[in-house]
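Just so it is clear, A, B, C and D label the chains in written order, and each chain counts residues from 1 on its own.
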Amino acid sequence: MKDPFLPNVDQLAAEVPDGAKIVVFKAEGGTAAMAATRALIRRAVKGLHVVTAPTSGLQTDILVGAGCVATVETSGVTMGEYGQAPCFNRAVRAGTIRVIDSTCPAVYAGLQAGEKGIPFMPLRGLIGSDIVKYRDDYRIIDNPFAEDDPIVALPAIVPDIALFHVSMADRLGNVYVGRNRELLIMAHAARKTLVTYERLYDGNLLANDELAAATLSDMYVDGLAAAPQGARPYGVLGFYDDDVDQFAAYMTMARTEEGLRAYLDRFVNEAVPAVAAE
Amino acid sequence: MKDPFLPNVDQLAAEVPDGAKIVVFKAEGGTAAMAATRALIRRAVKGLHVVTAPTSGLQTDILVGAGCVATVETSGVTMGEYGQAPCFNRAVRAGTIRVIDSTCPAVYAGLQAGEKGIPFMPLRGLIGSDIVKYRDDYRIIDNPFAEDDPIVALPAIVPDIALFHVSMADRLGNVYVGRNRELLIMAHAARKTLVTYERLYDGNLLANDELAAATLSDMYVDGLAAAPQGARPYGVLGFYDDDVDQFAAYMTMARTEEGLRAYLDRFVNEAVPAVAAE
Amino acid sequence: MTLSTDWTLEELLITTITNLLAGCGHIAVGVSSPIPGSAALLRRHRDLSVGKRTRVSIIGGALPDFRTDGGVDLFDQAGQGRIDAFFLSGGQIDGKANINLVGVGNGYPRQKVRWSGSFGSAYLYFMVPKVVLFRLEHSPRTMVEAVDFISAPGVSPANVHRPGGPYALVTDLCLFHFARDRERFSLKSVHPGHSVEEVRDSTGFDFDLPDQVPLTPAPSPDTLTILRKTVAPDIADPYPKFARRVWGVSAAA
Amino acid sequence: MTLSTDWTLEELLITTITNLLAGCGHIAVGVSSPIPGSAALLRRHRDLSVGKRTRVSIIGGALPDFRTDGGVDLFDQAGQGRIDAFFLSGGQIDGKANINLVGVGNGYPRQKVRWSGSFGSAYLYFMVPKVVLFRLEHSPRTMVEAVDFISAPGVSPANVHRPGGPYALVTDLCLFHFARDRERFSLKSVHPGHSVEEVRDSTGFDFDLPDQVPLTPAPSPDTLTILRKTVAPDIADPYPKFARRVWGVSAAA
């Protein structure tokens, strides 16, 4: 174990190598490590394989728009009430990214197989869907406990990196996930977990029985950086709301590649923090 | 949905039919619904199939001793620091119960398959163990994602009833499980869940974000009864300690069938609550 | 204050869906579904008035009674058989009740239009006994002969484990039922102000057409009162814009 | 106050096991394992003194740093490859490192002696790279030619996925290493006060015997100090009786 605390989100982003398979959580934000995502764009990471658990929004869309992504494995990329995901949809149509269509419980089941260290997980449903037709990594097998009962076997998903944002972490590197228990699955399944947090919890989260029940042990946490307002423009419950104006600006500007580039110049690249002398 | 609250543990025990497959949690107590277990013995339930998740102690031993059990499916029945489980071991040797030997992660995986509604779950390990040799309900299948890679397929465990004790429940029937997250798996997998609790939480557990993260929704809870000191002689963290004298009495008396019968007369049958006129 | 007995399209649709949900013990509602969500809450209210407690789970809802996170639990519940009704939609829906949430055109994945993705449809459509399809734009563009991508199939071969599937399709024009044995939709009622001909012209797939097709019943004054006084403030919690637009109501404090 | 440099059998065993754990990043300790637990804590202390943070998880431990619940997480961690060392025992252990936690005699399940059951052994023995077998009663009754029930096999065919397995066997008499390629134990050292002959007479299985078998090294004064001052109060948390008996120490407040 080494000290997982990093001085800022740019140092955290440096832990994500080009070509990494990275898992992110949910379209609705709050757990989206957006400050770290902007740092990834600034460091011009390339060739990411983004697994959305099970969906994503601005986080995946802007990474795709900035040219950081080779593959998106997803049940849905959506800007929710703001509309369709402009960069994702453009890139799929243009064929500049590979899209691997999935369905929510299949993403979870694949991650749970990764979590358990089993090579695959069976799942009901799916048969006859074009999702199965286009996925050469699924297998339809016979349920060994019944006659003539086909079932889909989903391969384990083992991301190189799980990346997410939380409300609090403690000085030991334990991370409070609260009701977002799927973050535990992501971290368990991934080889490394990188986390940004709003504030430091003063104490040991695992020593508080109520908080411990919803805490990810530092065993799984390979890198942390403080990032107050780190989910913006997504809101974090109890901290701040969605930045509606920022979403509106994105939806307007990201309509075209040129507009997206102007957005990145203005809201991502100019935000480079002053680098301390080393 | 009907009102899940029952007036006492005897009414709760009445919800367990003869021959039910019932899942209980852990040898170390605290979550063992011992008062309800004594009520089951008083009502002379017969032919239970007890699944221990993944182990059990006094709870299973006394049910076996009282003649309530046909089958025990377990990774281990032990009285922990007090020694071997006297009634369980006697019954296995005498062949008066059927024992289905398992291993801890296989019990969990079977319950997780039940929880997910999938017919089976693959698990590593196990191959070459006599556990597999004697279990005709396991299958060794080929990992469909590799060549010549046998893996055990465990059938889903779907208990009729999950029975456990918790520190608190609310008036809506939500149940706080705290760090014992495996109780969620048990309840999700079982068709019905019966719970005893130390005290009532004043409010809605699901409305408190910290507690909600470790709460079983009343959706899963079919019966609840207040049972202060309901895990005794097991202790409940923050409420009371193990009753060492009571364990010592049990270990001494349960050495013989006659002694066990005297124990039951003294500590189980005499404890029948006064029945209110109906 | 007396409430108007004029009803809106939203109120008609909510009432129509509510009637389809009779007998369901647990109704789950996905994202971006204010009308199905309102219907579930109305169903719950009606059931409660006759002493039956019906459970409603709304993804994104903040009220603890209705809150669910759309995470693993929701899908596990469906696998356990604990969800009786759910709602799906489609950018395209075809005559075999196949739904498409992925895109329009040939040459997948490089179709000419790309949507978000299939979400949980490829699983929930199989596992939830009563799936109500809901789509506001009823046109030959949405109601097609055959979808361009099957996010989830409407019917399955007999050997495929499928406790669930399509039950009905509600649009801004009409109500269809789906006959699983015949693998076809059947027109059940046409909404006031519309006609069978309009439905036929707007539908790209063939469907069963009874000799007599009734009008969809309008919401009763009683129902309108419940919607506006009880359902509106509850649905305003996950869907504030919808509640404000339809009923001018904000979430209960 | 100076501490005695006399050591007890427990201290010798703890030190012996600690040496086997070198290089492990995460050591997990099961139930009823005070000596392995103490060895893991001593390993952690030694590693920390050279700047290496080693993780110890003790089932039943209450200190947050060491606490683990033996629930799903523990087995998942093993499946993820996040546990480097674990301890198993057996009512019987045989020369192929098969262990038996179920019972003695023919006619399973109606054997003449029944124990608790196999616990997690049938899984962890496969998945944890370094499994140390530990058994205090070294006799022909426990160290047998062939176990009566294989709770977990010591070796597996080449096509069975098995990143883990037996590494060593520590008893009250000696230390064996296990050679997975040869599928045999090899006597590594004999504890002070015991002899190779005694080990041979007490062992029901055949094992490799080098020409020279050294004595197991006694704990150094430095090690004894760490054990008594640092390890004892920590292990007293899950194992109060053990800490009181061996070191007269209670848990840290």
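Basically, contacts are C-beta pairs under 8 Å (C-beta built on N, C-alpha and C of every residue); 3 or more make two chains touch, one makes a residue touch a chain.
All of these numbers come straight from a predicted model, not from anything done at the bench.
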Chains contacting each of chain A and chain C, listed by label: B
Chain whose mean Cα position lies farthest from chain C: D
Computed distance of Cα centres, chain B from chain A, in Å: 37
Between chain D and chain A, distance of the C-alpha-averaged centres to the nearest whole Å: 40
Centroid spacing, where centroids are CA-atom means, of chain C and chain D in whole angstrom: 59
Residues of chain B touching at least two other chains: 116-118, 123-124, 149, 151, 179, 181, 212
Where chain C touches two or more other chains at once, by residue number: 75, 79, 127
Touching pairs - complete list by chain label: A-B, A-C, A-D, B-C, B-D
Residues of chain B that touch chain D when the two form their complex: 28, 54-55, 74-78, 80-81, 84-85, 88-89, 92-95, 98-99, 101-106, 108, 112, 123-131, 133-134, 148-151, 179-182, 185
Complex contact set, residues of chain B against chain A: 109, 116-124, 139, 141, 143-146, 149, 151, 153, 155, 177-179, 181, 209-214, 237-238
Chain C residues within the chain A interface of the complex: 31-32, 60, 69-72, 75, 79, 101-103, 108-127, 149-153, 156-157, 159-161, 241
Chain B contact footprint on chain C (complex, rising order): 25-26, 53-55, 64-65, 67, 73, 75-82, 127
Residue ranges of chain B touching chain C (in the complex, touch as defined): 1-2, 114-118, 188-189, 204, 206-207, 212, 219
